[in-house]
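Structure below; questions to follow.
A, B, C and D label the chains in the order they appear, each numbered from 1.
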């Protein structure tokens, strides 16, 4: 069964084509890595799936249901959670409260929600920070809190937007292990956008490459890394910036 | 502990009329102060928690005054019924203006401006709508003491209505603050997109906050109209909007105790200055009031809420020791 | 929960408490008579309020320096001034303070009729006498017991404006054909304009247009344009102060040509403040007033001189009403002291004293346009009369009643 | 009857265009500060009110005519702009919008109360002067003071446009409106740029205050009304260009004039602010560019 299906998605910003006829599939239980140079349209694609941006053309299907045009909270209700490329913390809330917001999505009862939040905090290792305010935390901690609050919503599909950017190699390894646990123990499907190749290649079952708004390659990590077009795109992207 | 401080606050509220010697004039002033403080406390829902800098308080307050007054004058309907009807009317208007605004993502300065515009629009609509209001003051029939009609010659009547309203507003707001709704609203204030991605229906919760707040603001307007004995479109007063927002900001956005305490203190200072300086140089008291506000906002952008919270936390501890 | 219980308990307790305890007030030894003055000292109508305050201070000083109230052992008047902020609720708050804190015996105010009405809600239950300097007819027609009003009421002003205009037209062998009524949309504007309308109707004349504008109008051009469209031969206008200035300036700058423009209600157009603010645009503007600063009695001349010496301007509407109101109060206090020595300052006795007055001489009569003050049961003066002033050469001159006029009205407007 | 209505309509339209011309100047000051420094000045209307009062003061003390008061008002308000920037705005530049609104609402409260204290909330209007006259073209009356005010406004906006397009500083300002960081990378001292922007913004306010006073009276609540009106114009125009502001201003001037002239002078606020809210709902980006 497919967790996510994109059919012919196109999106223009003025004269700029952000995405052109993107077709993509993520199966339940998969970890899919989405890579590509800056400006390739990865974040736009995330925004379209999560309802922040409306596509000009094409359909988005989640677990078989057409969700094109739904609002983000409706997407969330259908089992999608997401972290942001630039963290969006709730500075004025404690970590506990932050994660509790997520937990309330599926737990109407306060006690259950608290339990759910505590499980998510323990899993991501931020439980000891629970009474700290978000504004007191550093970026790696904030990323973990963002992951924790996403998990507290009990997602079926987790979308991670550059979750390891700016982390130390040791932290990247820890995150790799964490994401694997999330997939294996909670059965969550994962779609991630990433620049850190070590992370992507280590964790993904399948990798999709976007360049200039188009899917240019797709396959297992090893297939993709040997694919010439990918290397070109990266080289081109790098020399251009 | 909590019960004791609630009891203390209740006794203090109940005792005020005796502290001012049951003097009708001072009772009038303290009732006004509590009335405006009630709006400040209710404003926390939309402004402090929801993060929408709403300047529509004058519109809802005015609507409360006009609708309650209209029902009392034209149909002899009890003010109590009037308060409920006007509250519902205000919540209805809040829905009509809030739904498209939130749906279309009106935020920050644009939301603030559109809510302020609402005050002036409603004022002029009721100025032209002579069946209901119009340019002439409408006088509510005088009654020496008629609690059923909600009209009395003595201010103590209005004082206790207002005190009860303030107390219940405070309880409602603090309960919401501790509930899921409160948590959702604060998450909206802190980051709308992140909140939405966690399944928070941003529009719905903003709209809920706006409607509860506008209901309470309308009730204050109804009480005001009955107390002063007339209603008029000038009661759609943009100054109430601005005063409410500034007092709430100075009190600390989203703090529970700061806004009411700051509001009571500053409004009392303002009235005191008015009585002592008002006759010497007209308007001087308002300049001093303005300077106090600006200084606090410039040097304590978070308001006095954190300070008051930490004091409140320290105080019982020291007693225990 | 706790809060609610305590509050409810307090409500019940205190309402019982206040009901049971008689609020007895010991009869005061009369050493001073506390006079409250509620006026718009700030806000839209501040011009009038400040003039009234000047007049009150001047006259009270004079009364006190001449020995106060003789029948009360020379007791002095003490003035308590409160600002209504030009709002109805402000006037009410001011009255609350005067009645409950300063414990005044009588209040003069509040110039704006609608503000005066909100004051009565406070004063009536406490039996504090209000001597209104506001003109709307029904102030004295709603069954209030403790109110008197000496100046001519709004409808009299309206009628006076019409009578004057009809007279001017007659003198020139003409008849009014196309009058237009223009007024602000507040209580006083409505009632005065109704007075104009009624008198015109009684004379068989139909106004071609009646134009209302908001009190806080900032640009008169659209109003002037509508007047022009109506092509009137006379414009009756009821303005307050700021709008009268805007009106005069807009008439001049937009070149509106009307043979006669008559204001009704004494609150703008031809008083010294309006003339100063409108400059040349005020020339030939006419308005009716409740006081004639040119009344050729000895005392009036002396008082006007004293006012001008101290404040540098001619007293008109607001000051004039306070002049004769305060002198009438003085006469009433003398009577009350004589007739009710036990409690001369109670609202009831003061009202009886006021009602018994029939003044035809002395300062009150010498400053009153008709020279005669006697109150009807409702509190209005039976001999109320209004006059009309026209701006000629930058100064107001009396043009109506015709028999007392200092100059012929300039007609038609050049 | 039809011809009469035609005349009235033409007359009303003329008044509207003239009003719009004057509004444009006041709105331009706001758009400049908001666009270039990205600063929400909620007290903009209060500065206009202050400028109107100062124009009144200058016209009764020094000049006999409000038409000459810009000579004092422009430098005075430039200076007030500099002081405001150094005292208040400087620390707001990087603050979140909510803090900017909160702080400038504080300024609004202060200025409004200051006006109350000094002028006791009395409406003030300058004396009638030589410019306050009119001439007619056929049945249409052309008021000279408003015509002059409009002309001054247009010339000023034309010069401002030249400044923004032709001078290095002006180009930096426009660039800053698009991307502050890029401008500071170009080696422009953004602090000085914003200081100057605030100065120019308030100098425009000073001038507009003088022009408005040629035909209007001022009260302490004028600030609120002009504040909302200028924000409405900026909402309609977007932050694009001087031209956009001008067109939006004339649209609002026409709405104002038609509402007062053909409907009811008491209804103008309903029309103006109703239009404002509709614009916010329908055209979140403004007619001529980004907001």
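Basically, contacts are C-beta pairs under 8 Å (C-beta built on N, C-alpha and C of every residue); 3 or more make two chains touch, one makes a residue touch a chain.
The chain lineup, named per UniProt: B, D = Branched-chain amino acid ABC transporter permease.
Fair warning: this is a prediction, and the values are worked out from it, not measured in the lab.
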More contacts between chains, C-D or B-D: B-D
- request: Would you kindly say which chain has the C-alpha centre located farthest from the C-alpha centre of chain A?
  value: C
Query: For which chain is the distance between its Cα centroid and the global protein Cα centroid smallest?
result: B
Message: Need the CA-centroid distance for the pair chain B / chain D, whole Å please.
response: 32
- request: Determine the centre-to-centre distance between chain C and chain D, using the mean Cα coordinates as centres, and give it in whole Å.
  value: 39
- prompt: When the C-alpha atoms of chain A and chain C are each averaged to a single point, how far apart are the two points in Å?
  reply: 75
- line: chain A to chain B, mean C-alpha position gap in Å, rounds to 43
Task: Spell out, as numbers or ranges, the residues of chain D touching 2 or more other chains.
output: 116, 120-121, 221, 225, 266
Field: Contacts with 2+ other chains: residues of chain B
entry: 127, 282-283
Query: Listing for chain C: what residues touch at least two other chains?
result: 41-42, 185, 212, 214
- prompt: Every pair of chains that touch: which are they?
  reply: A-B, B-C, B-D, C-D
Query: For chain A, which residues count as touching chain B in their complex?
result: 50, 52, 71-73, 76-77, 81-82, 84, 88-93, 97-98, 100-102, 104-105, 108, 110, 113, 146, 149-150, 152-153
Field: Residues of chain D that touch chain C when the two form their complex
entry: 4, 8, 11-12, 15, 19, 116, 120-123, 125, 127-129, 132-134, 136, 141, 143-146, 215-217, 219, 221-222, 225, 257, 260-261, 265-266
Task: Would you mind writing out the residues of chain C in touch with chain B in their complex?
output: 2-11, 14-15, 18, 41-42, 81-83, 87-89, 92-93, 96-97, 99-101, 114, 117-118, 121, 124-125, 185-187, 190, 212, 214-215
- prompt: Taking the complex as given, what residues does chain D use to touch chain B?
  reply: 40, 42, 88, 91, 95, 97-103, 105-114, 116-118, 120-121, 221, 224-225, 228, 231-232, 235, 264, 266-267, 269-270, 273-274, 276-277, 280-281, 284, 291
Field: Touching residues (chain side chain B, partner chain C) in the complex
entry: 3, 6-7, 9-11, 13-14, 17, 22-26, 28-29, 127, 135-137, 139, 142, 144-145, 153-154, 156-157, 160, 163-164, 167-168, 171, 228-230, 232, 234-235, 275, 278-279, 282-283
